[in-house]
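Would you mind keeping the following structure in view while I ask a few things?
Labels for the chains are A, B, C and D, by order of writing; each one numbers its residues from 1.
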Amino acid sequence: MAFPASSDPGAVSGPRSNRSPLFTGIVPPVCTPLTPEREVDVPSLLRLVDHLVAGGVHALFLLGSTSEAAFLTDRQRRQVVDAVVGHVAGQLPVLAGAIDMSAPRVLDHVASVTAAGAQAVVVTAPFYARTHPAEISRHYRAVAARSPVPVLAYDIPVSVHTKLPAGLVLELAAEGVLAGLKDSSGDLGAFREVVTGIRAFPGATGFSVLTGSELVVDAALALGADGAVPGLANVDPHGYVRLHRLCRAGDQEAARSEQERLCALFGLVGVGAPARMGAGSSALGAFKAALHLRGVIDCPVTAEPQIPLSREEVEQVGKFLAAAGLL
Amino acid sequence: MAFPASSDPGAVSGPRSNRSPLFTGIVPPVCTPLTPEREVDVPSLLRLVDHLVAGGVHALFLLGSTSEAAFLTDRQRRQVVDAVVGHVAGQLPVLAGAIDMSAPRVLDHVASVTAAGAQAVVVTAPFYARTHPAEISRHYRAVAARSPVPVLAYDIPVSVHTKLPAGLVLELAAEGVLAGLKDSSGDLGAFREVVTGIRAFPGATGFSVLTGSELVVDAALALGADGAVPGLANVDPHGYVRLHRLCRAGDQEAARSEQERLCALFGLVGVGAPARMGAGSSALGAFKAALHLRGVIDCPVTAEPQIPLSREEVEQVGKFLAAAGLL
Amino acid sequence: MAFPASSDPGAVSGPRSNRSPLFTGIVPPVCTPLTPEREVDVPSLLRLVDHLVAGGVHALFLLGSTSEAAFLTDRQRRQVVDAVVGHVAGQLPVLAGAIDMSAPRVLDHVASVTAAGAQAVVVTAPFYARTHPAEISRHYRAVAARSPVPVLAYDIPVSVHTKLPAGLVLELAAEGVLAGLKDSSGDLGAFREVVTGIRAFPGATGFSVLTGSELVVDAALALGADGAVPGLANVDPHGYVRLHRLCRAGDQEAARSEQERLCALFGLVGVGAPARMGAGSSALGAFKAALHLRGVIDCPVTAEPQIPLSREEVEQVGKFLAAAGLL
Amino acid sequence: MAFPASSDPGAVSGPRSNRSPLFTGIVPPVCTPLTPEREVDVPSLLRLVDHLVAGGVHALFLLGSTSEAAFLTDRQRRQVVDAVVGHVAGQLPVLAGAIDMSAPRVLDHVASVTAAGAQAVVVTAPFYARTHPAEISRHYRAVAARSPVPVLAYDIPVSVHTKLPAGLVLELAAEGVLAGLKDSSGDLGAFREVVTGIRAFPGATGFSVLTGSELVVDAALALGADGAVPGLANVDPHGYVRLHRLCRAGDQEAARSEQERLCALFGLVGVGAPARMGAGSSALGAFKAALHLRGVIDCPVTAEPQIPLSREEVEQVGKFLAAAGLL
């Protein structure tokens, strides 16, 4: 890989100093702007990418949950990776989700996104079919055996209804099956077990431990995370990049203050839920409404069958932006 | 549709007499035999179909959970429908699952399976992304609006982690969005709410209420279900067809006795779980082991990343078959 | 015990003929009427008992979930058993819940309710502390070892968040630890496993298999249940007794019709939930509102912190009663 | 209250400077040593208290989950508070859990523990009966209205199966209903919402925000928590007190190192689960085995129906102690 972590401004010290994780810093899960007809709006997508790059992000994660991967057809998924990889042209790493129910289906997505140029794939535990730790292990081994690029585990129990056990992640890391972890479980204690446990494996120095949290990025970096994948970084990439820099510089007070500003902004995800819609519709609708209000994307629509935000809900999003100094 | 329910041997009496549900009787969710290389074993699949037809089943349901749809690639899914539709050549109706995370992805499967000749599609609630009743409603409306064939709802909370509310199913039935329900929730009380509630909608006379249970088919038929979709009917189609006939004939004692024989046989699903594998691996592995032991399919392998049964576990399956008089 | 099952009007036939279960028939979980100050309203409680006895019920179950046991203090729990046991004076069996988190706490309740004259106790799996099948087994053994009366298992996953495995229930039945099962799991397939499995144990002929369902009592009795514990029998004991009699007489059509009338009536449990309150507040509030509207109890109040029904919601309850012919 | 937070060595700075939380620092949830007959071993309990006080802890929390409150009878619960309050004689604050299913039952425990001298009570959301946010609100209002001492909310979804919404906690804090939060949810992002949100309420300056985590105490303190309630502090109070001091002194590196030592030690909770027992049996058994090995308590037995650790499992506990420098 051409993106050594050593380019990171705030180099890691202490117990992590002999590590060189593949991916570090702020890696936004890129939203997928749509046209009113629910097709991928490529010009808006590329403007969003420019907005993120201008904000200083360190890599891009396409086709994650925040990207509405669960709602995009295979053709649309491919279109997203093609467009973004072509546009960034190697300026920064591009990871892509290969979100599907089982290894055989995941591998079709791996083939597609890597053909389009993705430099790593992000893969959840199996879902839909009930699973078991021994099956999760086989699943990652099957995917990694046939993936031409590194495989990161995506721990997202709210979607797949299984928590990846820290011990299993470490075992697969030690064996070179997994190249990293994107942890959207919300369980910082279990995340820490991976962060500290990985140090015991000299062969896993490239393993990247990334938090999916928006709200405790400062804490995750302080305890040794290599980076963060916050959906809210679509809306305020500069904020998360600043937060990352302050954390790496050891300025704990300023970092806390910036993180708290971002936490307040994150309140926008609740404008619609749970009264009128699910938490996903509300959060993704709010991210897109914010990007639209900030002039980044043309149309704030989300994919079917998500519920659109009402005018009042969009106005609330605007108030969150204003309070965070973003309008 | 060319398959009127009136061809059902035991015609429905009493409160259901003015109904003519589209699908009735025993509708096995057809297993998908695989080669040792995990490709669809078409000759074995067609032998399995012949075995089911010889057993007297009333329709076939392809690409359901029992068919390992969650593990089959799009190419393999298409291959299954192509092969079976061509083979049965209109002798009996063929339904197909269109199992995916959201309406846009489901619609790609609907296009594929109907191009291959499926006469109805079976669709779950959205999964992976968190959902909400209002979104489930939009989901089915979006699918039905663009499906060329009737859409049946597939209620399977163990997989999608949402229970379809009976009131929502009835509302969508009344509006003609849904043509039926396949209920794998295990909640017979809620199922009954649909069975009895549907009578209030004269426009929904074709709506098919099918239970996915193996264990209480007699009870479901007694309370008014139109049919059953038991995975175990792969192993013993004659048994379920006999059970259905006894129920329709009102021979409650004999029906109970036959159902109890099938319940005992169903114990084979637990040979491997939960100690060594998940419940799915164990059940699907046992169904296929039984089909292999009975000489119907060539190879009992299940799709990755499921755990294979051990020799001892396969022997246990054999004992269940012997006890049920099937070896 | 002084209440042989052979007094049951519809004696059991077929595979169950050599069984003599301790408790059979309709066993309502008796509501606990409260005064406006949330003290036990003993006169109303005794009128409710008279109403149930007049309806022909076969036994009474005090201090279950429907009795608001989770909300009653120890003093109030004792008061309920004292009052009812004294009032019925041996006319029919009285069972009592001993609902608490663990064996040591349950045993204090067992001591209290048996001192007050309860003839059997009904005990859930441990709750609050996370549990394990091996601990559930120890729990029942510890309770049974020190209980002066038979112990029935109360399977209620919605409250204790654990499903009692059928195999464990059968094992404890075979060893004489458990004298019965009250199944409020809603899983009729698993219930059947106990119903049929118990026949293999000649030493467990007294074991009582009771369903807690309101909606599939006909189905449960048809597959071999000994009786039912429906909360709705507070409101319409005559209906459930009639249903039981029709089932025992083998009149399947009339039984189904009566069950469907009761299912429609059961709709009253949803008048308040989930918009304004939890499912429990709504169901218990509706049962008590119905008993108040029918003139059985003086005050429809439920225990704190449950939400009271509004006037409109009580009016809806009245409409359900009227539709069922009960007003 | 006689225990002003200003006595805390590391006074709070920055955004929290105008706050004076009632309880701060390390507040261990005190284990309840038992005799082989499962009675409270008062001499061992008092030795454990001495061990904690010698370790420098700031307050004691009796009758929490770690204290096996779910397994102690009312008599035993009272005995614990009587013994400890008498023993510490005002040297440090004593909080007590009042763990039960609903407000009326909780209030009986509140009466008991405050009669015995507890200076605050810790109360979960209702459990067993299904609940609703509006009912949780009523529950805390009902308890607080009749409690003679401050009420802290105990957020422990793993036990009560409901997560306390941050907004509800803040609302009840603002109104003076709640005096604090003990957060055992594991969700540090939601915890932060309370920590930062509470600053907006000048009337809630005494509100104490305590984390129940063992693993991210450093992170919780860094983001503004007032203290921690780690079960593992029974085993190593000096460690957690040192960690707290380092955090308050702003020595982030040393704090992280100490926290990581404690995280490694925490591995002892898994010696028995999930293969042979539940997570609770394993964790509480390991805490007690460690206290026994360290010579603090006489007998490592846990309450029924928990599974005892095997000799091999106890040996593993010893290895964890040795690795942490505690043997």
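Convention: contacts are C-beta pairs under 8 Å (C-beta built on N, C-alpha and C of every residue); 3 or more make two chains touch, one makes a residue touch a chain.
It should be emphasised that the depicted structure is a prediction, and the values quoted were computed from it without experimental measurement.
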Worksheet item: Looking at A-D and C-D, which one has the bigger number of contacting C-beta pairs?
Response: C-D
Response to the item:
Whole-angstrom distance, CA centroid of chain C to CA centroid of chain D, is 37
Worksheet item: Which chain A residues touch at least two other chains?
Response: none
Worksheet entry | Pairwise chain contacts under the document criterion | A-B, A-D, B-C, C-D
Fill in: chain D-facing residues of chain A, complex
14-15, 186-189, 192-193, 196, 213-216, 218-219, 222-224, 250, 252-253, 256, 259-260, 263-264
Discussion item. For a test of understanding, state which residues of chain D touch chain C in their complex under the given definition.
Written reply: 38, 65, 68, 70-74, 76, 99, 101-105, 107-108, 126-132, 134-139, 141-142, 158-161, 273-274, 276-281, 303-307
